[in-house]
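In the two assemblies presented below, chain A is common to both, partnered first by chain B and then by chain C.
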Partner chain A sequence: MGNGAREEILRLFRRGGDLVSGEELSRILGISRTAVWKQIRLLREQGYVIEAVPSRGYRLTSTPDLLLPAEIRAGLDTQIIGREIVYLAEADSTNLRASLLGEAGSVEGTVVIADQQSAGKGRLGRRWSSPPGVNLYTSVLLRPPISPRSAPQLTFLSAVATAWAIEETSGLEPQVKWPNDILLGGKKVAGLLNEMSAETDRVHFVVLGIGVNLNMQAGQFPQDLRYPATSLTLETGRPISRLRFARSLLHHLEGLYRVYLEKGFTPILLAWKNLFDLAGRQVEVDLQKRRLSGVAIGIDEDGALLVRLVDGSTERVLAGDVTPADS
Partner chain B sequence: MGNGAREEILRLFRRGGDLVSGEELSRILGISRTAVWKQIRLLREQGYVIEAVPSRGYRLTSTPDLLLPAEIRAGLDTQIIGREIVYLAEADSTNLRASLLGEAGSVEGTVVIADQQSAGKGRLGRRWSSPPGVNLYTSVLLRPPISPRSAPQLTFLSAVATAWAIEETSGLEPQVKWPNDILLGGKKVAGLLNEMSAETDRVHFVVLGIGVNLNMQAGQFPQDLRYPATSLTLETGRPISRLRFARSLLHHLEGLYRVYLEKGFTPILLAWKNLFDLAGRQVEVDLQKRRLSGVAIGIDEDGALLVRLVDGSTERVLAGDVTPADS
Partner chain C sequence: MDIKDLKTLIKMVTDTDITEFEMESADEKVIIKRSKGQEIIHMTAPAPVYAAPAPSAPLPGAAAPAPVVAPVNDKYETITSPIVGTFYRAPAPDADPYVQTGQVVEKGKTLCIIEAMKLMNEIEVEFKCKVIEALKENAQPVEFGDALFLVERL
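This part shows the complex of A and B:
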């Protein structure tokens, strides 16, 4: 008993109809009335509002904005992504948890979600600020039949899915910043960190790490951010349902992943290019060992950024930090 | 107490001199005479032959060919490789154990050695036959500051180190088979399986998995091998010390890794090319989705195999199974 019984109780509440009696719950679940009552109490502790009408039964009147597996699944239409959902009240890093699940053989489509992260990871060992209760921190385990050289393509896939989920839940128009960020009006609203486990010839698994600032308030951002940041609530002036956002994201990830498996990278890259607004702009690229200045002229078929330098030559950038010089 | 006390006792035996008294051991280790006696008994159970001369003390007369960390370290001259050595009497797969240690933050140079593997891994999910007591199954954790695109280079590094250890301990002249095997007279004697954990821009860690058939007898090979296999003992007609081989391998890995960090891939590739005998020969390449026939004309600067096809064009093969057509 435990999670299973509570998921079943929630399912019975949502089946429609009016009230569900304690006796009915007890009979269907095959547990005692006392056990039913304990599960109801635990659901209330998780934030569910469950009304008790004396001698008639229980009614679910409000669901918390918790990212619980049962809640996410309730409105989810995917077959691969979310087949398993692991919710953690606190994680060191969802990417790390998903990697360990990957090593242990968890199925493709396993989703790890944490309410907060104590060691949220950004690119290149940077931190991702991860306070509790407000945002989405999730990592999706995939096992695509690709070589390690193709794995960077999946960053474009998760960028498009995240941008589409932002559009769908906020009505805003996000841009993608090559290669790993999603911006609203030039400010970072989401970050992506894809990691893989691979041998030379093939990928064992990829973890798509996605962090989205949903309801973060101005005072919650770290002081020392490299780039200006924002959240969906700051941009729209209203709260964003984490549950609705999570479902939208998993839905778009599934659709895009199916396209990728069937048609390859080209359609993903086309969708991504529609969200890319650096083309034609003057940029600075930090390559860790050196810096480049030039005009971003586009993206090639591998997803590398093409930068035209002052001398007229074109540099192909596979990894780096890009900033518009006019921002 | 435990491993530490036993390592210390072995160190005292080896310090030179003749006999070490139980009283001296008790005093130096700060444990009771009874405790000393227990440790001596455990050492004997591990295969150490320890002679007791009444009222004078103990003498170590023979060391088992066990791949115990203390034994390997006793004759090892490395600074990075083998900084930590984890010995497992039985592992599912040393690569899996090393990957989990990598995720958990273990230091660069950590070496995992198993006496046997229940799920020894070959390339592409194949099995690596791993009976107890006879061979070497090891995985080395490295954290090189490279991008995932460069990671396949480390397969060439472990191939050279393994070939050199074979030369040094057996006097035989191994060849490397592109990209992952070491052969003696056309038969497979060692296999390499490198795995990595990475994000788009950088490698978190690489695991160099190395399996070498040292003392395996003809009857111990699986029936359904894809390629003919052999062992050092079958080729030389004499037993091979696993300990000596392990030390030699770790020594060469260290030397080559230092060269790689300082000078890059070129010197590694040059050393590898000296061990490569397919150049100029007719080969068949199985690319999983299709097959190629042609003449192996060499290796390019990335380590890709160059194959000249009948139509005169050259195909660059990044991953695949190569077989000489004349074998």
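This part shows the complex of A and C:
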């Protein structure tokens, strides 16, 4: 009820007009004046600046850059993605939380956002560094009516959405590394990891995990990074609104998901190819058991990376760490 | 042992109060069991060394010799891959496998991960079973429908 009351108070503040009186809040919310004061105090603790004008009412003068559901929803134009938004001040992993919600029957489009993660997931048990207050760590639950064999296509969808949100909020031009890391000037700015729960012929749900370095400072990156990393702030020299970024990301996810459901994978792959900068370049691919060295000649219609080896043969890569070897 | 010797042996046994008799030598085994008024005789012999390599058909009721290669029979089932991708037996390269050979696992337990384009698909077992064998090696590519594990449904 506390959360709901605060969301309602914020909605009333934003409804337009100027001041909202304590009586009005009390009447509309159906709670006592004391309860209204308590909610206003809690909002102030979260970083909202709420001005009190004696005997006239309250006015919202500034909103914190907190990824609270009410804040994200204000100005969000989606119907599917963000239908439910779950905010966690701290999570082990948003992917894990979203998977548990998926198992518990949460609706398609449920979004989990954490201010920080204690066990942010990367590939093969790796960690995604997730300090509080600066970045976006989110997981989106989808229940696509597709066969499990097609589900890897969603990896390209979330990569394009993330790249477009970066473009929109920073003006920078990101590239994608196969299949879905997002790079700025060759440094990793976002990491994506998707998980699926499926039977042989039916997808229960897919979780799209997205971590974006927005306002992380140079000193906040771990020392043992496998790949050079950066943040939007480091690249632009200015702070990036996490809220604005989150809304932009959800907006693009929705648009691309609708296109995917209506027109299939081809338009998604086309958009992805426009962001792909490894085509024609010398690459190394770590397949855990062995390494490949060759030229990335492109991707096939499934999205698999095609690498031309020294002996002239072509290897089709479905999973692996790709590093450009010519820079 | 020829048929005359066997008859003599049965006669000797039935003349006594013995209800069960077992005799085993290097190349044959005879079991005689008696119940009210009837004798049950089991006799197992190895295939003659000069015969074709087909296994000898054991006499009805005889204990089958242990086969060299376990056949995939009705007892076992395979868990197959729902997608094309890379097979991982463990959540991380330095971690223990999700399941060990011989392990009994409950329904819903993760057996492995198949990764394709950074989509991780945890393969869960849909019934309680015993893991007989992993049929793929760690980090090996697998095709749609490839058998990943041989299991015995419990």
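Miscellaneous remarks
Everything that follows uses one rule, which is that the second predicted complex is superposed on the first by the 327 of 327 C-alpha atoms of A that agree within 3 Å, B and C clash if a C-alpha of one lies under 4 Å from a C-alpha of the other, contacts with A are read in each partner's own complex, and residues count from 1 in each chain.
Keep this in mind: contacts are C-beta pairs under 8 Å (C-beta built on N, C-alpha and C of every residue); 3 or more make two chains touch, one makes a residue touch a chain.
Being a predicted model, the structure only gives us computed values, none of them experimental.
With chain A as the common reference for superposition, the partners chain B and chain C occupy clashing space. By the document's definition of touching, both partners, chain B and chain C, reach A:T155. In the superposition on chain A, contact of A:K289 is made with chain C only, not with chain B.
Of the two partner chains, chain B is the only one touched by A:L96; chain C is not.
Shared-chain residue A:A304: touches chain C; no touch with chain B.
By the document's definition of touching, both partners, chain B and chain C, reach A:N194. Legend: residue contacts after superposition of the two complexes on their common chain; A:V206 is shown touching chain C, with no touch to chain B. Among the candidate segments 55-63, 145-153, 181-189 or 289-297, the part of chain B whose C-alpha atoms clash with chain C in the superposed model is 145-153. In the superposition on chain A, chain A positions 123-124, 148-149, 151-152, 155, 179-180, 193-201, 318-320 are in contact with chain B in one complex as well as with chain C in the other.
Of all residues in chain B, only 96, 99-100, 103, 123-124, 147-149, 151-152, 155, 179-180, 193-202, 204, 318-320 touch chain A in the complex they form. Interface residues of chain C, counted against chain A in their complex, comprise 80, 82-86, 88, 91-95, 115-122, 124, 126, 137-141, 144. Interface residues of chain A, counted against chain C in their complex, comprise 123-126, 148-149, 151-156, 179-180, 192-201, 206, 287-289, 302-304, 318-320.
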